[in-house]
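In the two complexes below, chain A is the common chain; its partner is chain B in one and chain C in the other.
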Partner chain A sequence: MRKYAVIYRSVLMENLQYAANIAMGFFAYFVFIFIFIRLWEYIYRTPEEVIAGYTKAQMIWYVMMTEMIWFGSNAGAAARQVTMDIRSGNIAYLMNKPYHYTWYILAKYTGEWSIRLPMYAGLAAVIGAWMVGPVPRFRIVTLPAMILCLILGITINAVFKICISLISFWIEDANPFQWLYDKLILVVGTMFPVEIFPAALQPVFKLTPIYTVCYGPAKLIVDFSADKWVEIVLAQALYLAAGCAFMFLVYRKGVRKLYVNGG
Partner chain B sequence: MSTAVKNQLRVCVLSIKYNIMKEMINKVTFLTNICFMMLNNASILVQWFVLFRLRKDVGGYTMREILLLWGLTAASFGLSHVLFARVFSLPELIISGKLDSYLVQPKNVLLGVMTSSTNISAVGDLLYGVLLLSLFCSSIGRFFLLVLFTVTGTVIFTAFALLLGSLSFWFVRMEILGRQLTMGIISFATYPDGIFRGVSRFLLYFIIPVGMAVYHPVHIVVRFDAEMLAAVLLYTILIATAAAAVFYRGLRRYSSSSLMEARM
Partner chain C sequence: MQAIKVENLSKTFRVKRKEKGMKGSIRAILHPQTEEIRAVERISFEVEEGEMLAFIGPNGAGKSTTIKMLTGILYPDGGKVQVLGIDPTKKRKQLAYRIGTVFGQKEQLWTHLTPYDNFQFFGAIYDIPDGEVQRRIGELAERFELSSFINTPVRNLSLGQRIRCEFAASLIHRPSVLFLDEPTIGLDPVVKESVRSLIRQMNEELHTTVFLTSHDVGDIEKLCSRMIIVNAGKIVLDDSMEHLHRSGSSLENTIMEIYKSEGRTAIS
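Now for the complex of A and B:
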């Protein structure tokens, strides 16, 4: 594990140098949140109205939290680097190193979001306090439980994105598959909570990564309950185990197809 | 004069043609990029089905106007990225001093830069936009209006990106802010203007050109207004002229990085 800790630390230090560049991305986050605040202000006739079990403040905070996860964990290692490594043949050098390639990517990815996510969390807190008000029923003692859920969600997302990127072993460009996965997460889990969809679809959505990646962590932030936390963390543990097993399987099958032109 | 213009246009058309042909070398990648981008755009409709279950209209728009809004945005965004994709990565050329290969060519520098690259997934955006707009082609007049607004939208999106990109001649790190602003336009352009009020509405119509590129065209197609049409055409000419002027003004400050590069 020490070698992965070293990779994590070196990426973390490297990303600290580019904190100003990350901050320049705040504009896109602000635009998105601003649009959704205006949208929900239009949809909710009164601030007290409840839609799908959420008040206006809870709904806006839900979107702010899912977008914070989206922007804060949108680091390049899990998607872009894996695809580029396979397309360029660079993976031939990386797979011979004394580490497992997928763990190496996960360590790098964790180093990337460890800087981005806290920065976006700070921005979300400022925008939320300024434009919406405090998170309803938020208790500071539940914060460690929420953070654990958040980290698990981001890691599951990374594992799935790596699995998709590994498709590049078979077809040259896995980006179109990334778009579809991202859009599934964005439309179904990020813009709306699962409860807003028709009752027949909700159990289906709870079986998809949406429940563990964005809905679960954001739901706990806007409406925490111990029962819900246990349910979500258990689902995340199962998802993470299954996702990792699938990632190793795809990687093992993929490297057998690797053809290096040399150079 | 007309021969020079014809020659220039021929070079631009050939450049775009070869950019697309280059991307078509790998047919599977080419087709998956286009099809998945269309699917990607279509999936956003889920959001509107959800919202229209809650309210009959959103910002004064029904599903019909939303489809028109998406059609115009996707077609304009798609066309600008198919024809002039390099404009959206102009800061990279300026900062790394890679404009040299364009400067030495005996043709218009700006058009040479603009048409030097294509974004193949944008073909998916363009096709998706055309598909949605075809739902509104109920008469010849409507058809011409939709074609006109796709062209004006393309010019406005491209000119705005060129304006922001050209600022890299003066300021470093403008590329990140420029990219954010360009993507910000697309975010705004896919939501109805009726949900924005006060300062934000003013900004969308007069500073960030979403109002002129998409909102006004949607209103004109729904209910024709000659004054609004004149405003859109005038704004398109103004922003295109301003963008070209800023680019050439900035080009005087350009310094080469003496990078050896061949353009094929």
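Now for the complex of A and C:
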């Protein structure tokens, strides 16, 4: 594992130089959150009113957390780099090193979000404290459990994105599939909690990555319970195991089909 | 002992074909057509340990495809490959610990990091203990005269400095076989000469086997003891430099004559 820790550290060192560039995205996050705060303030008649099990503060914090995950983990390694590596043939020059390419990408991706996510978490905390107030029923002792869930969710997201990118071994361009997946997460997963959708759709959403990537971690932050934590972490463990198995399978099959331009 | 053993190695690519213009584009969607291209066709050769071999040919002859099969990047369609007794298709990772590669047209260094950080990175990748990595960095910095820019980000280095660092990075794990794909491309004559002397030094001191592809006759003449010429995926010449020199003609003329007589067929 030492080599992957070194890859992680190298990406961290490289990306620290781009902290100012990452901060440029703060504006988009603020606009997004501002619109949602206004929307929920309009929908909720009183702060105590409960919609789909969420008070107004919980609902706004939920959106802030899912958007924090979205913006904070929206790094290039898992999607753009894998697709580009395969299309350009650059993957050939990364494969002849004694590491597994998919672990290499995961280590790089972790290095990228390790800088982005804390920056967005800080921004979310400032905007939330300023415009919404404290997170309801938040207890500091539950923070490590929430962070574990958050890390698992982001890693599952990366594994799914890598799997989609690996389709580039067979088709010209995996970006349309990447786009569909991103929009599924963004539109269905980040803007509203699963409980808002019709009862018939909720079990379906629970079977998609939305449940483990966005809903689970954000739900625990706004409404933590030990039972819910166990349920979500178990689902994440299953998703991660299945996702990794699929990722290795696709990679192993795909690599045999590798065609490198120029020989 | 043989460092590389290749028997009847073959590789075929399936390439999409499209007629010209918009009509052709639409037809390609409805009736996609592909063409089989034989990049490498039943080639066999051996390379002895410590030998410096030039593996040359016109563009598209199958040189890079062969290197990629020898390093386990591409899977052959047929034939057998053994590099240091290891089958690259089955044990690519195991082989990676024992070979080094320098691709003149591809960077393996992380450009935002310094050469020192890069060497540490590669040391860890090859599972070399920290203390040993430090010792080897010092040794390589001295051998390749890197000390004056070892702490400058790679993106700020000149091409010559960068290539020296690429060599140093590929040697950090002391590979037994070094694959060099056009290592002197784009370099000025002075830097070219310094890179050649580094390769020679490495071969003499570490007994490294060198598998070189290059279009530069100087590289071949000054470094290699044997030359294989491939064209259209087939070996058209396999001879020692000594024998070729005895023929009286210059190496450049000999190569040109062979290229012309073989019709300079390219795969793409």
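In the analysis below, the second predicted complex is superposed on the first by the 262 of 263 C-alpha atoms of A that agree within 3 Å, B and C clash if a C-alpha of one lies under 4 Å from a C-alpha of the other, contacts with A are read in each partner's own complex, and residues count from 1 in each chain.
Basically, a residue touches a chain if its C-beta (ideal position, glycine included) is under 8 Å from a C-beta of that chain, and two chains touch if they have at least 3 such contacts.
Computed from a predicted model, the values in this text were never measured in an experiment.
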Original post:
Quick one: chain B and chain C on chain A, clash or fit?
Top reply: fit
**OP:** Compare chain B and chain C by how many residues of chain A each one touches, and report the one with more.
**Re:** B
**OP:** In the overlay, answer first, second, both or neither for which of chain B and chain C A:138 touches.
**Re:** neither
**OP:** Name the contact category of A:93: first (chain B only), second (chain C only), both, or neither.
**Re:** second
Original post:
In the superposed arrangement, which partner chain does A:6 touch: chain B (first), chain C (second), both, or neither?
Top reply: second
Original post:
How wide is the angle at chain A between chain B and chain C, using CA centres, rounded to the nearest 10°?
Top reply: 90
Original post:
Does the superposition put A:176 against chain B (first), chain C (second), both, or neither?
Top reply: first
**OP:** Have a look at where A:103 lands relative to chain B and chain C in the superposition and call it first, second, both or neither.
**Re:** neither
Original post:
Between chain B and chain C, what is the tightest CA to CA spacing in Å in the combined model?
Top reply: 6
Subject >> Touching both chain C and chain B, counted on chain A across the two superposed complexes >> reply: none
Subject >> Parts of chain B lying in touch with chain A, wherever the complex brings them together >> reply: 26, 28-29, 32-33, 35-37, 39-40, 43-44, 46-47, 50-51, 54-55, 58-59, 121, 173, 176-177, 180-181, 183-184, 187-188, 191, 194-197, 200
Subject >> List of chain C residues in touch with chain A within their complex >> reply: 13, 39, 60, 62-65, 68, 71-75, 92-94, 96-97, 99, 101, 103, 106, 108, 110, 112-113, 117, 120-121, 124-127, 267-268
Subject >> In the complex with chain B, residue positions of chain A that touch it >> reply: 20-21, 24-25, 27-28, 31-32, 34-35, 38-39, 41-43, 51, 171-173, 175-177, 179-180, 183-184, 187-188, 191-192, 196-197
Original post:
Tell me, which parts of chain A touch chain C in their complex?
Top reply: 2-3, 5-7, 10, 13-14, 17, 90, 92-93, 95-100, 255-256, 258-260, 262-263
